[in-house]
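Working notes, structure below.
Note that the chains take the letters A, B, C and D in the order they are written out, and that residue 1 is the start of every chain.
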Amino acid sequence: MTLGFGVVGTGAIGREHIKRITKTLTGADIVAVTDVNQELAEKTIGDLDLNANVYEDDSALLQDDNVQAVLVTSWGPAHESTVLKAIEAGKFVFVEKPLATTAEGCMRIVEAEQKHGKRLVQVGFMRRYDNGYRQMKQAIENNFIGEPLMVRCAHRNPEVGERYTLDMAILDTLIHEIDTLHWLVGDDYKSIQVTYPKKTSKALEHLRDPQIVTLETKSGIIIHAEIFVNCQFGYDIQCEVIGEEGIVKLPEVPTLEYRKDGVLGSGILQDWQNRFNDAFNNEFQDFIDSVRHKGEPQGPSSWDGYIAAVTGDAGVKAQKSEKVEPIELPDRPEFYQQKKSEEIV
Amino acid sequence: MTLGFGVVGTGAIGREHIKRITKTLTGADIVAVTDVNQELAEKTIGDLDLNANVYEDDSALLQDDNVQAVLVTSWGPAHESTVLKAIEAGKFVFVEKPLATTAEGCMRIVEAEQKHGKRLVQVGFMRRYDNGYRQMKQAIENNFIGEPLMVRCAHRNPEVGERYTLDMAILDTLIHEIDTLHWLVGDDYKSIQVTYPKKTSKALEHLRDPQIVTLETKSGIIIHAEIFVNCQFGYDIQCEVIGEEGIVKLPEVPTLEYRKDGVLGSGILQDWQNRFNDAFNNEFQDFIDSVRHKGEPQGPSSWDGYIAAVTGDAGVKAQKSEKVEPIELPDRPEFYQQKKSEEIV
Amino acid sequence: MTLGFGVVGTGAIGREHIKRITKTLTGADIVAVTDVNQELAEKTIGDLDLNANVYEDDSALLQDDNVQAVLVTSWGPAHESTVLKAIEAGKFVFVEKPLATTAEGCMRIVEAEQKHGKRLVQVGFMRRYDNGYRQMKQAIENNFIGEPLMVRCAHRNPEVGERYTLDMAILDTLIHEIDTLHWLVGDDYKSIQVTYPKKTSKALEHLRDPQIVTLETKSGIIIHAEIFVNCQFGYDIQCEVIGEEGIVKLPEVPTLEYRKDGVLGSGILQDWQNRFNDAFNNEFQDFIDSVRHKGEPQGPSSWDGYIAAVTGDAGVKAQKSEKVEPIELPDRPEFYQQKKSEEIV
Amino acid sequence: MTLGFGVVGTGAIGREHIKRITKTLTGADIVAVTDVNQELAEKTIGDLDLNANVYEDDSALLQDDNVQAVLVTSWGPAHESTVLKAIEAGKFVFVEKPLATTAEGCMRIVEAEQKHGKRLVQVGFMRRYDNGYRQMKQAIENNFIGEPLMVRCAHRNPEVGERYTLDMAILDTLIHEIDTLHWLVGDDYKSIQVTYPKKTSKALEHLRDPQIVTLETKSGIIIHAEIFVNCQFGYDIQCEVIGEEGIVKLPEVPTLEYRKDGVLGSGILQDWQNRFNDAFNNEFQDFIDSVRHKGEPQGPSSWDGYIAAVTGDAGVKAQKSEKVEPIELPDRPEFYQQKKSEEIV
């Protein structure tokens, strides 16, 4: 019995995920789609040769009994409403980040889900499914480097356009580090600060780029995250955890080592799709398998979506205040307790 | 419409591939199985929870209309007969290496397939689907290093047991390099020689280990391949192509870089399953997709299986003679012309 | 004509430098030594087989006409007085860091030297002579990465003993980064801040370790420097400059790459002597050659010693206040203008 | 008491070594020079500001009592005669490779030296003084990788001119590997073979390039050495020893790691001077120190020069015959027994 997906939002990433589910992964089908742009929804059906119904909106789609899981890939502001309706309907949800655009919105989902009684929702933070991060997580869990004390990471992108605004550095770019790092070190955030180094002349007028974000966790781990979205040279994700007894570092993306023209080199990717393609596949396959065989998803939860929202808000505030901003999080409910890596695989 | 596989041989790798097809890949199902060990065939159905018929032998299995493709994972000596029957029945075949245990046997398959009129058979040489080798192939095709002149490679394994005999170094170990390297440099082999360095004290009495194999191609490329199956330290596949203008090298398997106890290190794998798991997945998905959407497989062909057999035979002869042994190959038939990487993806 | 050195302080590093000058470098001799511990001075003469006079104190030593340059390797608090006397006597001075223990002391030397009319003093900041840092400096000067925007560096040491106090993290450990980094990016410091991550359980009661120091330069470059003196795994100096168009990173110390026991590894050094031995040699040879052939030293100047003192003081203050502390530096006098790397070699 | 050098041959490398001895190293002076080109000898004195006598020829130079050691940097064919005269005169000799151009010539020197009763001669094989090779040697001596079984190495050069003839690939290029490798693995050569891969189109008409040399030692170690003198991309020396329990590899030359324009790269040198500058310095300083303090040199001996000559001759023969050529070496005389690395430093 394959898992029937209904897709809400057939834009760029919606289509990518549809292709992924139909052409690469196993155990699921697309049975229904919708988009406020109905033409686009229709076209998607045609282009990708799907055997699926097109619905007018998410509510209609949710009434289709063949829809067992909803893939929410609409614009961020539309996520909350669809997710809440899906929970109401008792359907599984895979929602691209953000879970909701406000912390309150996330909390409403958290509460609805708890009320429902078991996990239905997974948020699209795919980095936890990246092989490199997984190896780091395991090494840390196995105490390979002792207690983590510091993290140094970087999120670099060749360039961004006019539409990229200052707060997107937190809400669209850093958001992945926000989710990954607290999971990686197994701790919660306490505060966030943003500092602005000398601005690169390659950034547009309205932006400040690069930015350095300092996160501190409750146990005192200090995380320095560089965000540099006009770094020119490539899409480059770095992460290094410094522990009491040693250091682990994300492996470089494996590309050919070459010798040519006086250079001993290898390639750096230019975009995130290539960088995290395997992670996206792992993420969805895990969602499909968990839902089918364990009856609930085990990836990033609504609670993780809530943490990201609260931290993101504090980050945007910190961008403006240039001060240390507290991150106030209630204790993680029992319902959302994290599992060790070995319990998950 | 998914592709229905009938599996002949539910041993170690047969089961691995069944799991792969059912749990990871898309577009195919296992509809029938057989094994001379009927109990094992039955048990496989149960263990892996397959909805498949168990047949007495390959002939019976081939009569099942739901079987559109045959997966041949029996012992090597049994391959030829099953493949010939499958071609006779007009079914697609994925056959683990070797295609057949003799060059003549391979040639019989080549002829049967040509008589059939279109490609049906793919041989399980998965390295061509490894990401690193693919990047090398593309770099060479794009003339990134000019004409290839030399290749240096190594196939290292931690240790082997009592049953590993001298000729297995060629027929089971080197066989993968034999297939990969002529494809990589786009040339055919002319001769092979085996030399024996000082023997490691870690090898059993009856074995000579390491061995160095020198292959020369028709255009004069010289390939040095080290086979070292008791190297102790890990499973380690190396390959480097030296061209007129530069060198490309297979990337190391990406593992965490760590600093600990005075060592800046990363891990080396211990077995081939981990090393080539992605390649196996890519290989099968490509077989499934090609058969479904293009009507024929596009991976390593019967002709490639034949090349491997002829080269393997010459290699075993060279192990004994310690002389340069010619590799006599007819010209590649039009029917089996290789495609460029970009035509394949 | 070789350069005659008089050595003030024949302790650990004094003896190292004497050996260096007599056994490895060219163009200089030790002609006189003194130490408050006269026995040690005598013993040094004997142990190292020097043909040199032993004097009662620095004043007596300075009156020896054969002393053309003074090597000051006494304890820090004694440096200022000896250096001032040497300038008074018109002799060249190589003084181990610190130039003086207070900013005022350094300023007195700066003023005395300017009054003298030409440079006499070089301070023992040897990192500028390390091959890796030199390559970084040249790359930056050649605009290889565009304008520098951020620096990430780390100073890691396996462990420290009882006597290592909190302020030594700034004054003895970070002091080398303090000198190297403003030179590297060609800018002056504006402020310093110290933050304390979670403390390692390997550090003694009285210490806070690791520490993270944030330096900001006048043009807005932000430098994050990790000081971690009980990191266990080795002596590890890292430095990375992130510019508008690319990044340059200090090369790892070249050691054998090995494959053994499942590890692809190389070694990490355990102490600073091995790490910077070549730099010490280059530093002294340059001092000797410059003084002999150009009539003045060209390495780190009194002004650099003054910068280090002011920055160090602010750093110690920042350790206590846990606030951003300003670094107030007058403009660099014309007399101490920095030269480009190519003017130096 | 410094060591007085008389230099025979003030050509390119003669001048380099003179500069080295006078400007970088300690314990030696140039007291006399000669060259068949007397003008050049005179000019050298002037250019390098030497306080040395110019002699008509080597015989005259050897009569100068201030000449305690002779540096032979004339053309290869002139070496033997000068070395023999120097031994006759009881003077130390540092002779650039080759010791003599024929094996017989080398043997005459070996015999003269033995007759003299203690070592006087060191041959200019500087690689043994390269830090990377030293680390390899120590690792092997310490049994870090168990018994060595195979060696893979490469000697690559960007390009060569008209004058570079086929035999120079052995006598001028490979000669350094010839000396280094038997020392590295502590064994003697048994045979040599040369094979010619496909020729690069970048090589001139008269040359065959690349070449692969296979050396076998008495205990059965097999060495594959690639010589590629028109490799275009850089000067690149590689060496890897594969032992029973692991592998050690020469470290890459440490250059900046950078990220720029989609490349994660570091630099490859373009010439041998930069590559082996430190080795040359270590080599000469060791010669000077050993002669001064131990009364004899401890670097590569006349016997090593003889081995190189015999092996070189066999190599040139192998270039022509394209067969395995025996290398016939008498047992190493007690007089020339090798020392372990730790006995040397």
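Definition applied: contacts are C-beta pairs under 8 Å (C-beta built on N, C-alpha and C of every residue); 3 or more make two chains touch, one makes a residue touch a chain.
Predicted model only: the values in this text are computed from it and were never measured.
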**OP:** Among all other chains, pick the one whose mean CA position is farthest from the mean CA position of chain D.
**Re:** A
Subject >> Which of A-B and B-C has more C-beta pairs touching across its chains >> reply: A-B
Original post:
In angstrom, rounded to a whole number, how far apart do the mean CA points of chain B and chain D lie?
Top reply: 45
Original post:
What whole-Å value do you get for the distance between chain A and chain B if each is reduced to the mean of its CA atoms?
Top reply: 37
**OP:** Could you please state the distance in Å, as a whole number, between where the Cα atoms of chain B are centred and where those of chain C are centred?
**Re:** 58
**OP:** Indicate the residues of chain B shared as contacts by at least two other chains.
**Re:** 232-233, 245-247, 252, 259-261, 266
**OP:** Show which residues of chain D lie in contact with chain B when the two form their complex.
**Re:** 146-150, 152, 195-202, 210, 212, 214, 219-222, 224, 226, 228, 231-233, 242, 244-247
Subject >> Residue ranges of chain C touching chain B (in the complex, touch as defined) >> reply: 232-234, 236, 252, 259-268, 270
Subject >> Residues of chain C defined as touching chain D within the complex >> reply: 22-26, 131-132, 135-136, 139, 144-145, 245-261, 266, 285, 289
